[in-house]
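Following this line, the structures themselves.
What follows is chain A paired twice: with chain B in the first complex and chain C in the second.
Here is the complex of A and B:
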């Protein structure tokens, strides 16, 4: 899967379901501090990733994923491995 | 297949609920399937049931029915499957909770909860309340578990 397709799907979900403003979505944005994604929101992200990309996010794999760009990287690596 | 080796219907639910009488909206656990992460409870709406409004169990009461069914599933699962202390859970959010009817005194509610997603200390539970085979309400509950 192309990275652009991953970005499109993730961003669409963040805008429509978590109600994050589109202009905030950039690769350097910190998930928690800049985008305000808390653990309650993140469990929805877990659901959408499983549905759209076919794998379950493990909490321990997210330890070093702090930015949106790192999250795209994580999805890309998992989907294409 | 994981099974509980006792009759779940005889369990004292008050050992697993943080709420105290009369703020209790479950009478019995009737099914608990650990592998399916599924629990079913029953509750008869009585004359002295709290959260009633003009003879009907209110929206808040229906939320409590699902929330307490979730608490029972998590408490029993923790104690008998994981052999851990019972943890306190909090409802973080309720999503798409649709109420079809407000049941009345004398109605027997059967409530099924399925844990659909788990991520660390967060869980998503889908609850369905039925009465005489009809859907009364259903919706999604996000639960945060407090780790001591």
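Here is the complex of A and C:
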């Protein structure tokens, strides 16, 4: 899957489901501090990733994922591995 | 001023150990009597709790002033008995308690289903005892506990819960519990939690409750809507010595239609209505000893007796 396609899917979800403003979505944005994604939102993230990308997020793999860019990288790596 | 609940259940380690040891052989009624000696000290020295409870008595309870102190005393007494009942069960699991279940068939319907479900409760009655009326071992129950709860009590509960196929999920700062909740529900388990207290920065919504606006957490309904998991409410009310009535209601079913945001609010409102009904019936079993309502916070400041002073 192309990175652009991954970004498009994730951003669409963040805008529609988590209600994050589109202009805040950039690769340097911190998931928690800048985008306000809290642990409850993460339930949605886990579900959408499973549904859209076909794998289950493991908590230990997310420990170093702090920014949106790192999250795109993580998804890209898992999808294409 | 922020709501004051810290996420910790009060109680010293040695005191809890002593009470647990006492209940291996000791009488429950005897400690009920001891409460009459202890409660006056609480009324005098627990000023925060007393002020919050007095507001509740004045605004929500009877308007007659003479009635307020006995009402407040009764709340503290019920609260003390709640802890003693819990410790009596933990200290001696063979001790018999009677549970009368309202809507047992509703619970059974979900309990025998393949899907996991959420069980929401509140700090009314003795919600932590709900696991004890489940006689079959079909589903694992995952009560959500705050990591700050007194250590010994938590450990004792864990060891007792194991026998009942109950595995607690501890809320920790790392957020791993979200994965645990997700996995528990996806594997057909029951996740239970009180849904009446906002804590730190968790998301909430405002809704009229007993005549005044109050904030309730909304996350549990977000989880339900996201995972399309049904929600039941459960309230375990003390009705007599070693006797409890368990109220079970449906908050949502498996048919999730419409916008997620609306579903979430609808579930929240349904839960609050059910809670309100139970609190109206059992007003002295409501245990939130801090400013719970928006108006309560304002009043406590305006009276010149700032909460916590």
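As a working rule, the second predicted complex is superposed on the first by the 81 of 81 C-alpha atoms of A that agree within 3 Å, B and C clash if a C-alpha of one lies under 4 Å from a C-alpha of the other, contacts with A are read in each partner's own complex, and residues count from 1 in each chain.
Everything below uses one rule, namely that a residue touches a chain if its C-beta (ideal position, glycine included) is under 8 Å from a C-beta of that chain, and two chains touch if they have at least 3 such contacts.
Given the structure is predicted, the values throughout are model-derived calculations rather than measurements.
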* When both partners are placed on the shared chain, which of chain B and chain C touches more of chain A -> C
* Asked: So, does A:59 touch the first partner chain B, the second partner chain C, both, or neither?
  -> both
* chain B versus chain C as contact partner of A:46, first or second or both or neither -> both
* Touching partner for A:74 - first (chain B), second (chain C), both, neither -> neither
* For chain A, which residues belong to both interfaces, chain B and chain C? -> 39-40, 42-43, 46-47, 57, 59
* Structure fact -> Per the touch rule, the chain B residues reaching chain A in their complex are 92-93, 116-117, 119-124, 142, 144
* In the complex, chain A residues that touch chain C -> 17, 38-44, 46-47, 57-59
* Asked: If you look only at chain A, which of its residues touch chain B in the complex?
  -> 39-40, 42-43, 46-47, 50, 57, 59
* Residues of chain C touching chain A in their complex? -> 175-179, 181-182, 201-203, 219, 222-223, 226-227, 260
